[in-house]
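Consider the two complexes below, in which chain A is the common component and chain B and chain C are the respective partners.
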Partner chain A sequence: MNWQKLQWIDVRILYVIILLCLLIPMFKPIGLPVSISENTRKVFEAIESLPDGSVIWVSHDTGPGNAPELNPMISAVARQAFRKNCKIIATSFFNEMVGPALTQEYIESVAKEMGKEYGVDWINLGYRVNASPAILQLLIDDINKAMSGVDWKGEPLDKFPIMKEVKSIRNDVDLIFVTTVGTPGYGDWMTYVAEPLGKPLTGGASLTMYSGLQQYIRSGQLKGFLGGLRGAAEYEQLLKAPGKGLAGMDAQSLGHLTVIIFLILGNIGYFASRKKA
Partner chain B sequence: MKRQLPIIIVFVTALFVMVTKFFDLGTFSKTAQDELNLWITVSSVFAFLLGPINLVRLHWSNVEKKRPNWVYSAILLVVLVISTIIMFVDGVNGKVSLFIVDKIANRIDSAIYAMLGFYVCSAAYRSFKLKNTEASILLISAVILMLGQAPIGDAIIPNTSKLAEWILTVPNSAGMRGIRIGASIGAFAASIRVILGLERSWTGTGS
Partner chain C sequence: MTLEQWGNITATICIIMAWSYLYKGENPLYTFAEHILVAIATAYGIAYTWETQLKPRVMTDMVKNGKWSLLIPAIIGILIYAWFFKGYEWIARLTMAFWIGHGAGYALAFNPPVFLKQVFDSFIRLNSFNNIVYFLVVITALMYFAFTLRKDRGILKYGSQFGRYALMVAFGSAYGSITMAYLSLIIGQLQIIFKDTLHLVK
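Up next is the complex of A and B:
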C-alpha cells in the first residue's frame, strides 16, 4: 500500500465525514456521560451559595457566531437563578444586532416554564453603545441613568417593579454572570465592576477564549467559568436539566474523534514519505 | 496649532482622568468620572457614522468603476439601504426588523462561523505533523484537549478531561500570564508616549 497518500486525502471526504458526525448524533444521540470539571462546579456553587431571592446580573455579551456555544449557558443560569427565586437583570453589550434578542429568547423560555414574570422577576435592559468603560462605570451607581431609563424595547424602567428594588450594582446586585467572546467581556466586567466593588464574577466563554482566562480563575478573580459547549453541558448536568449543551456533546465527541483520526492518518503518510525520501 | 492642539487635548484629558482616578477628591472625582463617561458615550455614537459613510464610499466606488466583483458591492449597497429604511420605519425592535436580524443576518453569520470549523479541520489535517519537538508538543496537547473537551475522551482513555484541564490551568495559564504582563507593559509604554506627545502618528502628521 502507498502509505504516503494518507497525507493527501481529498479534504472533501473529511468535510463529508465531519458533517455526518455532526448530524447523526442529533437524530440518534449516543448519550455519553459528561464528567464535571472543577471550573464548572465552581460556577454552580457560586450561584447555589447565594441566599434565596438574590439579584444576579446576567450579561450575554455574545455575537451570532459563538451564540450556539453560549446560549445554553444563559438558559441554565436562568434556570438555577429562578429555582432559588433570584432575580435577573440582563444586558448584552457585545453585539447590538443579536445580543438583546438572544438574551430575551433564552431567558424568556425558561421564565415562562417556571412561571416567572418579565419586569417582576427579571428584565432585559438590552444593549448600549460603548459599554466599556463608560456604561459599566455608570451602572455601578445608577442603572437607570446608564441605560437611559428604558429596557431593550424602549419601555420606561420606572414601570417595572424589579427596577424599584434594583437601583445600582453597588448596593443591589449580588453576583455577576457574563458570557464572553471578546470586548466587552469578562475582562471589562472584572476591571470596572467586579473588582472595585468586590462582587463575585463568573460566567462562560467560547472555547477559544477559555484558555486565556484560566489565570483569573486560579487567582480567584473569577469564581469558576464555563468553557464552550462542554462547559454548558456540564452545567446542565449539574442542574439535572438537559438542554442544548448536552445535546451537542455527542456531535462534538464524534467531530473531535474524526479530526484526531485524520491527524493520525496524515502523520502516518508524512512519516511514510520521509522514510521513502 | 493643527498638530499641537490634539496633543494638548490628549495630555490635559489624560492628566485629568489620572488625577480624578488616583487621588481622592471627594465627590468631585465621582462627578467628573461620570461626566467623562457620558462624554465618551456621546462622542462614540458620532464615530458610528464613520463606518457606514466609509462603507458606502468604498462600495459605491467599486460599482461606479466596475471593479472585479462589483456586483457584490451593489448587493451590499441595496441591502444596506433597504435594511436602514426598514429599521427607521419599523423601529429597531419591530417585527420586520427583528425578522431580518434573527432569521437572516444571524443565520448567515452563524453559518459562516460554522464553516470555519470545516476549514480548521482541514488545516489541522494538512499542517499538524510531528516534524520537530515543538510541533510534537503542539500536536499532542491539541489531541489531549480535543479528547478532553468531548465526553468520548474519557470513554476512550479515562481521566483525559482532567489532563486537558491541567494543561489549560497550569502550563497554559503560565504562558498567558506572561503574554498579558508583557502586553500590558507595552500598552502602558505606548500610552505614555502618546500622552507626552512623543508618538504623533495618530494625529496623521507622522511620528
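Up next is the complex of A and C:
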C-alpha cells in the first residue's frame, strides 16, 4: 500500500467524516461516562459554600464564536445560585451584539423555571465599552454610575428592587463568576476587582484559553475552573441537571477520537514519505 | 410561527452559508453571510452604545443633572477623530496618551500583588513527582528565555534545551485544547440546526 497518500487525503472528506462522527451520537447517544475534575468541583464548592441569599456577580464575557461552549455554564451557575436563593447581577463585557442577549436568554430560562423574578432576584446590566479598566474600576464602589444608571435594555436601575440592595461590588457582592474568551479576562477581573477587594473569583472559559490560565488556578487566585463544553458538562452532572453541556459530550468524545485517528494516519504518511526519500 | 423559530431558521441558514466556505472557499454565499454579520454587528453596536452609554451620559448626567464637567473627557475622546484630518493627525495622539497613560499606570499600580502571588506559588516543596516536574519546568523555561547569557555549554545548554521541549509540550497541550474547543463550537451549531430548528434531536 502507498502509505504516503495518507498525507494527501482531501480535507473535504475529513470534514464529512468529522461531521458524521459528531452527528451520529446526537441522534443515538452512547452515554459515555463523564468524570468530574477537581477544577469543576472547586467551582461548584465555591458557590455551594456561600450563605443562602448571597449576591453573585455573573459576567458572561463571550462573543458569538465561543458561545456554544460557555452558554451551558451560565444556565448551570444560575441554577445553582437560584437553588440557594442567591441573587445574580449579570454583565457581559466582551461583545455588545450577542453577549447581553445570550446572558438574558440563558439566565431567564432558568429563572422562569425556578420562579425567580427579573429585577428582584436577578438583573442583566449588559455591555459597556472599554470595560477594562475603566468600568471595572468604577463597579467596585458604584455600580449605578459604572453602568450609566441603566440595565441592558436602557431601563433605569432605580426602578429595580435588587439595585436598592446591591450598590457596589465592594460591600454587596460575595462572589464573582466570569466566563471569558478574551478581554476582559481573568487577569483584568483579578487585577482590578477580585484581588484588591479579596473577593473569590471563579468561572469558566473557552478551552482555547485553558493552558494560559493554569498559573491562576495553581496559585488559587481562581477558585476552580470550567474548561469549555466538557467543564460545563461536569458542572451539570454535579448539579444533577443535564443540559446542553452533557448533551454534547458523546459527540465531542467521538470527534476527538476521529481527530486522533487522522493525526496518527497523517504521521504514518509523513514518516513513510521520509523513509522513501 | 414564533419569533424564536424564525430566529432559529435564520441562524441555520447563516450557519450553512458560512460553512459553504469549507467546500468552495470564498464564495458568494459565504461572503453574503459575512457581510450580514458585520453589518448587523456595526448597526447594533452603535444603537446599543447610544442607548446604554451615550444617552444616559448626555441626557441624564449633563442635561438633567448639570454635570457639564463630563464634557472634558468627551472632548479628549472626540480628539481621536483628528486622524481623519490631514495635518492634524498629531492631535489624536493626545487621546491615545491619556488612554495608554492611565491604563498602564493603573495596571502597574494594581498588578504586582497579582503577579507576585504566582511567583510565590512556584516556591514549592519538592515532595512529589508533580512538584519536581513543575520546579524543573519553571527553572529550565526561564533558562531558555535568558537571551543575554551564553548557552552553548554546561548547565545552561542542557537546561534551555529541556526548557524548549517543555514549552513545546505546553504549546501542544494548548493546540489540543483549541481543537477540542472548535469541536464544541461545531456541536453547538449542529444543536441549533438539528435540535432547535428541525427538532430531530431530543
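Assume the second predicted complex is superposed on the first by the 277 of 277 C-alpha atoms of A that agree within 3 Å, B and C clash if a C-alpha of one lies under 4 Å from a C-alpha of the other, contacts with A are read in each partner's own complex, and residues count from 1 in each chain.
The working rule: a contact is a pair of C-beta atoms (placed from the backbone, for glycine too) under 8 Å apart; a residue touches a chain by one contact, two chains touch by 3 or more.
The model shown is predicted, which means the values in this text are computed figures rather than measured ones.
Trainee: Identify the partner contact of A:M97: answer first if only chain B is touched, second if only chain C is, both if each is, neither if none is.
Mentor: In the superposed model, A:M97 contacts both chain B and chain C.
Trainee: Looking at the overlay, what does A:T208 touch: chain B (first), chain C (second), both, or neither?
Mentor: Only chain C; A:T208 stays clear of chain B.
Trainee: Once the structures are superposed on A, label A:Q221 by its partner contacts, choosing first (chain B), second (chain C), both or neither.
Mentor: second
Trainee: Answer with first, second, both or neither: which of chain B and chain C does A:E38 touch in the superposed model?
Mentor: The first partner, chain B, only.
Trainee: So in the superposed three-chain picture, is A:L23 touching just chain B, just chain C, both, or none of them (first/second/both/neither)?
Mentor: In the superposed model, A:L23 contacts chain C only, not chain B.
Trainee: Please work out whether A:Y270 is in contact with chain B alone, chain C alone, both, or neither, and reply first, second, both or neither.
Mentor: A:Y270: touches chain B, not chain C.
Trainee: Counting only touches as set out at the top, which of chain B and chain C does A:F262 meet: first, second, both, neither?
Mentor: first
Trainee: Would you check which partner chain A:M190 touches, where first means chain B only, second means chain C only, and both and neither mean what they say?
Mentor: second
Trainee: Counting only touches as set out at the top, which of chain B and chain C does A:N66 meet: first, second, both, neither?
Mentor: A:N66 contacts both chain B and chain C.
Trainee: For chain A, what residues appear in both contact lists, the one with chain B and the one with chain C?
Mentor: In chain A, positions 15, 18-19, 65-68, 97, 128-129, 133, 137, 152-154, 207, 210-212, 215, 218, 227-228, 230, 252, 255-256, 259 sit in both the chain B and chain C interfaces.
Trainee: So in the complex, the part of chain B that touches chain A is made up of which residues?
Mentor: Those residues of chain B that touch chain A are 30, 33-34, 36-38, 40-41, 44-45, 48, 91, 93, 98, 101-102, 105-107, 109-110, 112-113, 117-118, 121-122, 124-126, 128-131, 139, 142-143, 146-147, 149-155, 161-162, 165, 168-169, 172-173, 176-177, 180.
Trainee: Chain C touches which residues of chain A in the complex?
Mentor: 12, 15, 18-19, 22-23, 26-27, 65-69, 71, 96-97, 100, 126-129, 133, 137, 147-150, 152-154, 187, 190-192, 195-196, 206-212, 215-216, 218-221, 227-230, 244, 247-248, 251-252, 255-256, 259
Trainee: Okay, in this complex, where on chain C does chain A touch?
Mentor: 22-23, 40-41, 44-45, 48-49, 51-53, 55-57, 60-61, 102-103, 106-107, 110-111, 113-114, 117-118, 120-121, 170, 173-174, 177-181, 183-191, 194-195, 200-201
Trainee: Which residues of chain A touch chain B in the complex?
Mentor: 7, 9, 11, 14-15, 18-19, 32-35, 37-39, 63-68, 97-98, 101, 128-130, 133-135, 137-138, 141, 152-154, 207, 210-212, 214-215, 217-218, 227-228, 230, 249-250, 252-260, 262-263, 265-267, 270-271
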